[in-house]
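Here come two complexes built around chain A, the first alongside chain B, the second alongside chain C.
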Partner chain A sequence: MFTLVNGLTTGMAVFLVAAGLTLVFGIMRILNFAHGAFFMIGAYVASTLVGSAPRSVLALIAAAVVAALVVGVLGIVVQRFVLRRIQHVDEHYMLIATFAVMLVCVGFVKLIWGLEFLSVDPPPGIDTGVDIFGLFVPSFSLFIIGSGVVVFLVLDFVIHRAWTGKMITAIARDGWMAELLGINVPAGIMAAVGGSFALAGLAGGLLLPNQTLSPALGDTFLLLAFITVVIGGLGNVRGAFIAAILLGLIDGLNTMFLPAYPGVAIYVGMVAFLLMWPNGILGESRL
Partner chain B sequence: MKLNRRHFLATSAAGIGALAMPGVLRAQQGETVRIGLITTLSGPGQLYGNYIKDGCEIAVERLNAAGGVNGAKIELVVRDDKNSPEGAVTAFRELTGNGIKLFAQGTFTANLLGTLPLLEEADVTMVMVGASALALTHEAFNPRAFRLGFSSPMCFGGYGNLMAQKHPEIEKWAMLRSDVTALADITNAFSNGLKAGTEKAGRKVEVLDPVLVPYGGADFRNQISNIIGSGAPGLFNVLQGADAISYYKQARTFSLDEKFKVLCDSANEFAIAKAMGANTPASLWSWTGWYPAANKDNAVSDEVHKAYIKLRGDEYPNWYIGVSHDSILTIANAVAKAGSLDAAKLVPTIEAETPQGALGKIHFRKEDHAFAGDLTYIRFGRDDKNANGWSVFETAQLPGAEFLERATPGSKLN
Partner chain C sequence: MNRTLSGLLLGLVGAVLILLPLWANSGLVFLAGTTMVVGVFALSWNLLFGYAGLASFGSGGLFSIGAYTMAVMLRGGFEGQFLLLIALSTLVGGAVAFAIGFVALRRSTGIFLAILTLALAELLRITLAKIHWLGAEDGIPSIVRPNFSVGLATVDLSSGNHYYWFMCFACALLVGLCWWIAHGRFGRTLRTIRLDIERAAFMGVDTHRYRLVAFTISGAIAACAGALFAPWAQIVTPDIGNMMRSTQPILFTLLGGASSFWGPMIGAFLFSAIEFSTRTLVGIQEIITGAILLGVVLLFPTGVAGAWNALVARLTRREEAKIAAPALQTVKE
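Entry: the complex of A and B
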C-alpha cells in the first residue's frame, strides 16, 4: 500500500514537470530540452523567496507562484528570441537550440546561486507524516499528489473548456485559419508558451522541499518527464497525467519486486507501452 | 682578451653545462618552477575542481611566501579537463608542449586514466589529487604517478573497523547505495572492515546486502521504507552529493534518527550539514580526507585553514582543499630536495620524503605509490545551541597504512 502511495507521489511529481513540456510540444511542436533547466530556475527563485525554512504551506505555494511568473516571463523571452525562429526548421535544430538554452540556464544558475548544494525544508504542516488506516504516509507526499491533481484539473479545464484554451487549440491546429478569423496568433502563442514555462517554474517551487538544489537539478526529472510525454502521447495533457501515474506505480513495483535493478522497469514499461500504443496511450495531440 | 684553446674549451663547457642545467637550477636565477594543474572546472564535477584549484593556489601562495623552491617562485598553470578523458589529454598535451614537467591532476579516475599512459613520453612526474579508484595504483599503475587520495579499502575498511570499535552493541547493519558499480567497492570495504573489526573482538556482525537506488533519482521513499523495515540498528549510506542530501531530507519524515542507533555517511561530510542546517540528522558519522580541527598540532593544517577562510569565508573547507594543497607541497618539496625537474630524480625523492602537509606526514607506499597517511572520521549533527544549527561532536583518526590494500602494481587487485 505504501508503494502505491509512493508511486502516486512520484507520478504526480513527474506530471508537474511534464505538464509544461507536453503543452509546449502541443502548441509549437518543440521538444524543449531546456525544460528541466527552467524547472531548476523555478526552484532556485522560490528558494530565494522562502529561504531554507518556509514559514507555512501558503508561503511555499506563494513562492511557487512567483517562481512560475518569473519563469513564464523568461519563457516569453526564449520564445521571442529562440523558439519562434526555429519553429519551422528541422527537429534536429530545435533540439540543438533548446540544448544550448539549457546550457545558458545552467551557467546562469551557477553565476547567481553558485555551485554549493542548497536545501529547503518542508513547511510546518507538511513536514511530518499522517496515519491513514494504519498506513504511515508522509504529508508532503499528499501535498505533491494534491498539487498534481489540481494542476491537471486546472489545465484540463483551461484547454478543453475555457475560451482561452479553445483559442490556443485553434492556433495550434491551424494558425493561418485562426489568424483569418481574427485571432491574434503571435499573442496567443506567446501566452501559451509563457504558460508552459510557468508550469516548469511552478513545479520547481512546489517540489522544492523534496529535492536538493544544485545546478544539476534540472536533470533529475527531465528524462522521466520526457518518457511521460512520449508514453502519454506527444502534446496530450490527459495522456501525460495517466502516463505519469502509471510510471510512478511501475517504479514503485520495481522497488518492491526488483530491488537489485532500480529504475529498470520504467524503461521496460516505456518499450511495452510504445509497442502497444506507438502514438502514446491517448495519441498525439495538437491540444 | 686572447682566446686560446684551453680557454675556449673551458668557456664552451661552462656554456653547454649552463644550457644543460636542469630547469630548476636556472630557475634559481630568477625563473619559475611551473606546475600544471588539470582539474574539472566546468560541467558536473566543477564543484570539486574548484576546491582543488583553491587548495593548489593556497599551496603556491604559501610556498612562494616562504621563498619558493630553492629561491625560484612556483607558477601554477591551470587547465580544465572538461570532465572528460579527451579534455584531460588535450590539456596535458598543451602543457607538456609548453615544457611543463610537473603535474597535479584530479579528481576523476576516468580522466586520469586518459593521461597516465602519456607520462613516459613527456618525461613527467604527477601527483593524482584525491582520486580513489584502485585501478590507479594497481592495473593502471604508472611509476611516475603518486596517488594522493584514499583508496576504498583504506578509508572505508578503516571506517568499518572504527564502527566495530565504537559500536560493539550494533550486531546488524544495513547499507544503501546508488546503483553505480564503482560504489560497490565502498560498501564491500566497509563490510569487510566491520567484519574484521568485530571478529578481532571475538564477536559477529550481520551486514545486509545494499539497498540500491537509481543514481540522480528524485524519490528515495521506497528505499527508505525498505531500509527501515530491515530492522538493522546501524546504517551505512553511500549516496553522493545531491542524492545524499535529498535522501536525508526525505528520510526526516520517517524519523530516521529514531529508527537507527548509528547513522554513517560514506563521504559527504559537511556538504550535508551546510545544506540542511538545523535539520541535519541528530548524529551522523562521515569519513573526511581533511578536517583541520582534528589536526590541532599541525601548523600547516592551521595555516591552510586560515588561508581558506580568508579566501572563501568558509570555516568548514571541503577535504579536497587539504589534499590538493598537499599535492603541490609534495611536488615542491621533491623539486627542492632533488634539485631537478627530472622524473628519474623526483620519483625516488617523493618515495623517500615525508614532508609535513595539512593532512600530516605525506607518505607514499614505495611499491605502488599509494598514499599511506592518516584517516579521519567526524561525527556531527543537529545542535540548537549553535547558530549554524549543527556542530561537530567527535573526531577519530586511524593510521591509514594499516588498512591499505595489498600492493599489486601493474595488475588488478583480486
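Entry: the complex of A and C
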C-alpha cells in the first residue's frame, strides 16, 4: 500500500514533466532536449517567488502558474527563432538544436541563480501526513498525485473534446490540408508549443518542494520523461499517463524489494517495454 | 586541390600534436590527449551514424565498459600484458555491442533505438555506482600507467610524456582503421543501406547483418577508446559513461559534419578549444557553446567540414575560372 502511494507519486511527478514533452512531439515531431531545462527554469522562477518557505498551498500554486506563464513565453520565443526553422530537417539536427538550447538555458540559470543548491520546504497544509486506513501518507504526495491527475484530465479534455484540441489535431495530422481549410496553422502551432513549455514551467513550480535545486536538475527528470513519452507512444498523452503510472509502480516495487539498488528496475522495465512494444503501449499517435 | 590541402592540414595537426609536450604545460597536454581519445570515440560513433544511419545514444556505456575493464585488469596486476589488455577491453566492448545489437536492431531504429541505448547506458551507470567491488560511486582511483615489454624492448609508459606519445600512436592506428573500414567495400555497402534500405536489400545485401557488424565494430572501437582513456585519466568513475559522454560524439559529429570522415575529429578539437578558452566563465561557457552549436545547425547544416569543403570548392573554381579566362581571351584574339 505504501509502495502504491510512493509509486504513484513518482509516476505523477514524471507525468507532469512528460506531458509537455509529448505534446510538442505530437505537433512538431521534435524530441525536445531542452524540455528538462525549461522545467528547471520553472522551478527556479517559482522558488524566487515563494522563497525557501512558502506561506500556503495557494501561494505555491500561484507561483507555479506564474512560472508556467514565464516559461510559456520563453517557449514561444524559442519556437519563433529556433524550432520553426528546423521543423523540416533531419530529426538528428532537431536533437542537436534543442540540445544547444538546453546548454544556453543551463548557462543562464548558472548566471542568474548561481551554482549553490537551493531547497524549498512544502508549504503549511501539505507539510505533514494524513491517516488513510491506518496508513500514514505524506500529504505532499497526495498533492502531487492530485496535480498530475488534474493536469491529465484538463489536457485530455482540451485535446479530445474542445475545439482548440481538434484544431491542433488537424494541424498535426496534415498541416497543409488544415491551412487549406482556413485554419490559422502558425497560430495553432504557436499555441501548442507555448502550452507545452508552460506545462514544463508548471511542473517545475508544482514539484518544487522536496527538490534540491541545482543547474543539473533538468537532467534526471528529462531522461525519465523521455522514457515515459517513448513507452506511451510518441505524441500520445493518454499513453504517457499510463506509462508514467506503470514506471512509478515499478520504481515503488524496486524500493520495496531491492532497496540497495534504487532506480535500477525502472530502466530494466523500460528496456523490456521497448523490446515488447517497439511503438509504445498505445501506439504512436499524432495527438 | 582539396585533397592536397586536407592532407597538408592533417600532417600539420599531427605534427603539432606530437610535438605538443615539448612546449605546452601539462594541463594543455592532458586536454589534447583527452581530445584525441574522445575524437576517436566520436569517429567510431559516426561509423554507425554517418555510414549505417543508426543513431546510438548510449555509446558512453561502451566507453565506460572499456575503461572499467582496463582499470580492473590493471588493478589485478596484469600490467605486463598491456597490449593484450587493450585487445581484451576491445573484445568485451564488441561482445556487449553485439549482444545489444542482436536483440535491439531487429526491433527498433530511429528514436526508439536512441532511447533504448540511452536507457541501457544509464542502467549500466547506476549499476556501476552500486557495486562495491568496483568502488561504487567513487570508482577506481590511482590507476597505474603500465610498464610492459614487447619482445626484447621494454616500453615504459609511466614516466614523463611517454603515455601521451603512446596515445598519439594508438589513436593514429585507430583512425587509420576507421578510415579503412569507412572507405572500403564494407563502408560503401553501409552507405547504400543508409541511403535506401529497401533497394540495398533488393540487390542482395543482408542489411540486418551489415548493420549488426557495424554496431559491433563501432562498440569495440568505443571500448578501445575507453581502455586508452583509463590509464590517461588514472581514475574511472561511473560518471565516465554518463549521458554527457553519450552525447559527446553526437555533438562533435554534427558540429564537424556527419557526411565527412574527419567531421567528428574536427568537431572534437573545436569543442575542446571552445571549452578551454571559456573555462573560467561559469555560465557564459554554456551560453557560448550553445550559441555556436545553434549557429552551426541553423546556418551550416553540413557542419564545419561541409562549410570548409564548400569554401574550398568555391575558391578552386574561382582559380580555375581565372586560368580559363585568359585562355578564352586568346581564342578571341
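Keep this in mind: the second predicted complex is superposed on the first by the 287 of 287 C-alpha atoms of A that agree within 3 Å, B and C clash if a C-alpha of one lies under 4 Å from a C-alpha of the other, contacts with A are read in each partner's own complex, and residues count from 1 in each chain.
In this text, a residue touches a chain if its C-beta (ideal position, glycine included) is under 8 Å from a C-beta of that chain, and two chains touch if they have at least 3 such contacts.
What you see is a predicted model; the values in this text were computed from it and never measured.
Aligning the shared chain A places chain B and chain C in steric conflict. Using the contact criterion defined above for the overlaid structures, shared-chain residue A:65 touches neither chain B nor chain C, since it reaches no partner.
With both structures placed on the common chain, the touch criterion links A:263 to chain B and to chain C. Once chain A of one complex is fitted onto chain A of the other, the partner contacts of A:142 are absent, as it touches neither chain B nor chain C.
In the superposition on chain A, A:9 contacts chain B only, with no contact to chain C.
In the overlay built on the shared chain, the residue A:73 is in contact with neither chain B nor chain C.
Using the contact criterion defined above for the overlaid structures, shared-chain residue A:190 touches neither chain B nor chain C, since it reaches no partner.
Touch criterion met: A:219 reaches chain B and chain C at once. Counting contacts by the rule stated earlier, residues 110, 115, 219, 260-261, 263 of chain A appear in both its interface with chain B and its interface with chain C.
Every residue of chain A that touches chain B in the complex is listed here, in rising order: 2-3, 6, 9-10, 13-14, 52-53, 110, 115-119, 121-122, 127-129, 136, 138-141, 209-214, 216-217, 219-221, 224, 251-252, 255-256, 259-263. Residue ranges on chain C touching chain A, taken from their complex, read 49, 55, 103-104, 107-108, 110-112, 115-116, 118-120, 122-123, 126-127, 130, 243, 247, 250-251, 254, 258, 282-291, 293-294, 297-298, 301.
Residues 44, 46-47, 50, 179, 211-214, 216-219, 221-223, 225-226, 241-243, 245-246, 249-250, 252-254, 271, 274-279 of chain B touch chain A in their complex.
Contact residues on chain A toward chain C in their complex (touch as defined above): 31, 82, 85-86, 89, 91-93, 95-97, 99-111, 115, 219, 223, 226-227, 230, 234, 260-261, 263-264, 267-268, 270-271, 274-275, 278-279.
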